[in-house]
Amino acid sequence: MAINLYYYASPATFYQLSGKLIPWFGWSAVILTVIGLYIGFFMAPTDFQQGEAYRIIFIHVPAAWMSMFIYLVMAFWGAIGLAFKTRLSFMMSRALAPTGALFTFIALWTGALWGKPMWGAWWVWDARLTSELILLFLYIGIMALWAAIDDPQRGDRAGALLTLVGAINVPIIYFSVKWWNTLHQGASVSLTKAPSMAKIMLIGMLVMAIAAWLYTIAVALYRVRTLILERERNTDWVKALVEK
Amino acid sequence: MLAARRRGDWLTSQFFFVMVASMFPLGIGPDPVTLKLIGPGVVWVSALLASLLSLPRLLAEDYRDGSLEQMLLTPQPPVLLALGKSLAHWLIYGIPLLIISPILGIQFALPAEAIAVLMLSLLIGTPILSLLGSVGAALTLGLRGSGVLLTLLILPLYVPVLIFGAGAVDAAMAGTGAESHLSLLGAILVLTLLVAPWIAAAALKVSIE
Amino acid sequence: MSESVATLSFHDLRCTRGERELFSGMNFTLQGGEALLIQGGNGQGKTSLLRLLTGLSQPAEGEVRWRGVKLDKTSETYHREMAYIGHLNGIKDDLTPIENLRLASQLAGRTLNETQAEERLVQLGLGRCLDLPCRVLSFGQRRRVALASLLCSNALLWILDEPLTGLDVHGVALLENLLKAHIDGGGMAVLTTHQPISLEGSNIRTLHVGSPAQTSLAS
Amino acid sequence: MLAARRRGDWLTSQFFFVMVASMFPLGIGPDPVTLKLIGPGVVWVSALLASLLSLPRLLAEDYRDGSLEQMLLTPQPPVLLALGKSLAHWLIYGIPLLIISPILGIQFALPAEAIAVLMLSLLIGTPILSLLGSVGAALTLGLRGSGVLLTLLILPLYVPVLIFGAGAVDAAMAGTGAESHLSLLGAILVLTLLVAPWIAAAALKVSIE
Amino acid sequence: MSESVATLSFHDLRCTRGERELFSGMNFTLQGGEALLIQGGNGQGKTSLLRLLTGLSQPAEGEVRWRGVKLDKTSETYHREMAYIGHLNGIKDDLTPIENLRLASQLAGRTLNETQAEERLVQLGLGRCLDLPCRVLSFGQRRRVALASLLCSNALLWILDEPLTGLDVHGVALLENLLKAHIDGGGMAVLTTHQPISLEGSNIRTLHVGSPAQTSLAS
């Protein structure tokens, strides 16, 4: 088992494997997005309180989930990399950051769009909104740090350390609605309770969430492949690959 | 340890806060009701900015003249070094701020009780800023544009301190009791005290390579 | 016990910078009473090698051992017994030479009183500059302050990166004598220099960094 | 000249302002009426602080690596050098601030007209800050504790700019017309443009000796 | 016209630092095709003298003249014809060697295209480092970048403070040849060094800074 793990942790094998996987993830992401959007915009009923504006939930919530989840995954890979000095885990972490920042931005943006009709303001300084904004800043900070460090090894480790420090923010975002009484809605999907919203809405959101997942994986794998080529361009296997 | 040797810095830091915090009434207008309203927030934001302003110097000089290398080569564990640096930062930046904060409070027409809470919140909060700041300073050591980068990395981490710190004073003024805010601040302090020096030490080692 | 014999050894060291490999397969064992002179042209990796030996940076492959133990396992002992002077002097511009020496000792957990510090500095020809902030000292004088701090460390192993830089002829002679005394007294030294250095009589071994072919290419 | 080469800095500066200005609502509380009241002042104070934070880097790096010496040894007169440095500072600090200021205005719920005046006042005001700042940076070059010392020297000089700048926006919001404030700012700009580079050049020569 | 003859001369120069007098009554006239080697131990005032000659600092007494005109009256011409390399390299860590050279030329009001810059750098043995930021270069390589920038300046008068520092044997030989070519081609140079430098065949004059008595005292 251990041998196997190390086998896949080697950039060369990983490169081959991921090349085969990317199209699968990519296409299923596209298909699921279409289905999800269809459910969201044509099948789900109009909300009796919020009218049509609520449909933004199908983008907002999956994006918000992903923004936090990706950060945790980055922190996980960063920690693994620091502990075991595996090159690949740092690359995973780097590959995920832009997507995470994108989803954070989408969550903020759709939230703001939604906030205008719901709360009458684009932006309020509510705990969840603020902590989500901080998450965006963290993503940007980490990417800026990577950009500023020329030496890839040093950049990897410095970025991983920062990611770890910032990870504290994710539970704050998630629980902010519980800890402070905020304008923002509390969690209505949870594993322990029965969901409090219409089934079709839930399905639509879940489909969109899975699509976002698949998209993230596809893009991350693609970026990792590029990173691998860049970093390992002096190794024999990359040279062989390029010559092919 | 070392930074404390510079006597002049002490006084300058104090002036700095007074000046930053005095700029707000100038920019905003002298209405005492407004001033009172924004007072705690402004003092706290000034504290954050002052910490940011003094952070780049914390390690950069040692890095450039090679003494940081030498410190890492002493038998002392790097964690102690990082802790010492945070302490030094707090001594030249936090303490002067504490001493001067009552004056700022008076400038903003805060009631006496609120000033006491303000000082208490600064006493708990500023060490957190120094500890987190040392992580940021260690990470950005020797990088190009490190000053602005440092701000970018560190400000998001400072936000909770700001919220609870200013929140405590606001709560005291509103009469709802500042204890919960202060105890949260205290919890953050304990957490950062346990975690930040290790991360800063690791970052130092990475940066010096 | 084999561990208590003072040896510095490195095995199969490989060092990469960016995408470039500086050297690989470096092996050496240095014992008390010996000095190692590392040779090689500009940019061949001498400084990089010395920094690996201090433990400030980590090799891409291979390991460095002190008294038979890997560096990261013995860093406290090692740092107590080793002193390093790099291209940077590691002295504080705002402090006087005496303050600098005392501060360095204090950080290393030793105490050094003012007379001792003064003695060392006078020995290195800095008698006239004791009370000046290092900022105003000349290039060579600052280098001498760093060397004085080396002497104060009482280290067994000296790692010196181009210690002769900026020293005048008297300074060079002085340092050569200090080095000889240190080695002949059972100490160890690893050093690099581009200038001729005469340590004849002492036990000097040399090691080449970078292939000669590379040398001619690079310079 | 030189500083403009660093592309990354641009974006970072922009984020920096957003972050600094965002801290105030966090510290002060989210009430939109208060925010509107303090908005202009806060944006202007942030502009001052951002300028202060970026000033130490303006010359210090050039001083340390010896390129300042080399620049003084070029056939160009030192006044041009000082002017160029101020310009460089304004490019990496003032321009991003201008671009981002509307967003800050929205954050503070300012009316559209006030935002226009805010931008105009920043357009006239920030070059003054850069020009004055270069004098301060040149004077404190290579001194110990120069960062804080710089603040101490420069902030008092900045105060008039702050008062007229924030005053212009306040006046626009009160409907009393911002012209007089803005034209005063303009006069200050002309004056500093004529005087500051000479003083900065002289200070540079003294500092480099 | 006497002004158009390229001479650097200084008259009755006196230099003080703090309360200490470094030297006084220094006189010299240097003509085209000559080099001046300034000698003296650490801290005797060589660097201080060179800085007086560049015009970066002002003498306590006496004056420096270029083509017969006092420096502060002719600084623009002088700075066009003179190049100085001090203990600091004056290169930007964030830029690559090529960018550094081009920036320096641009600031001096000249233009230098990429191929020219590359040529100079290759001439100085930096062919492998053209695209690396100077931050990662080795000590000697950074020194070479500074020397390359000297060559690009086309200056008539070179003022070099310990130019051999950090250079390996090939580097020293290279610089000696460059210096010889410069002087023999009618150029002028003022330099200091603690290392032996062999410029035989060229017209070298020497000047001592600090009394020999002081030298032995100080070192």
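When the chains are written out, they are named A, B, C, D and E in that same order, and each has its own residue count from 1.
The working rule: contacts are C-beta pairs under 8 Å (C-beta built on N, C-alpha and C of every residue); 3 or more make two chains touch, one makes a residue touch a chain.
All values derive from a computational prediction rather than experimental measurement.
Asks: Using only Cα atoms to place each chain's centre, name the chain farthest from chain D.
Replies: C
Asks: Which pair, B-C or A-D, has more C-beta contacts?
Replies: Counting C-beta pairs in contact for B-C and A-D gives the edge to B-C.
Asks: State the chain with the largest centre-to-centre distance from chain A, centres being mean CA positions.
Replies: E
Asks: Which integer distance in Å separates the CA centroid of chain D from that of chain E?
Replies: One centre to the other, that is 38 Å.
Asks: With centres defined as the mean C-alpha position, give me the chain A-chain C separation in Å.
Replies: Computed value for the inter-centroid distance: 48 Å.
Asks: On a C-alpha centroid basis, what's the spacing between chain C and chain D, in Å?
Replies: Taking the average C-alpha coordinate of chain C and of chain D, the gap between them is 46 Å.
Asks: Pull out every residue in chain C that's touching 2 or more other chains.
Replies: Chain C, residues with two or more chain partners: 17-18, 87, 93-94.
Asks: Could you list the positions in chain D whose residues touch two or more of the other chains?
Replies: 6, 8, 12, 15, 19, 26, 29, 64, 144
Asks: Where in chain A do residues touch two or more other chains at once?
Replies: 130, 137, 140, 144, 148, 150-151
Asks: If we count contacts the way the header does, which residues on chain C are in touch with chain E in the complex?
Replies: Contacts found on chain C: 17-18, 20, 40-43, 46-47, 87, 125, 127-129, 132, 136-141, 143-144, 162, 165-172, 174, 194-195, 215-219.
Asks: Taking the touch rule as given, give the residues of chain B at its contact with chain D in the complex, in rising order.
Replies: The contact residues of chain B facing chain D are 6, 8-9, 12-13, 15-16, 19-20, 23-24, 26-29, 34, 37-38, 40-42, 44-45, 48-49, 52-54, 56-57, 64, 144-145, 147-149, 151-152, 155-156, 158-159, 162-163, 165-166, 170.
Asks: So in the complex, which bits of chain A are touching chain D?
Replies: So the residues of chain A touching chain D come out as 121-126, 130, 133, 137, 140, 144, 147-148.
Asks: Spell out the residues on chain D that touch chain E in their complex, using ranges where they run on.
Replies: Residues in contact with chain E: 1-2, 5-6, 64-67, 69-77, 208-209.
Asks: Spell out the residues on chain E that touch chain D in their complex, using ranges where they run on.
Replies: 51, 54-58, 76-77, 79-80, 82-84, 86-95, 103-104, 107-109
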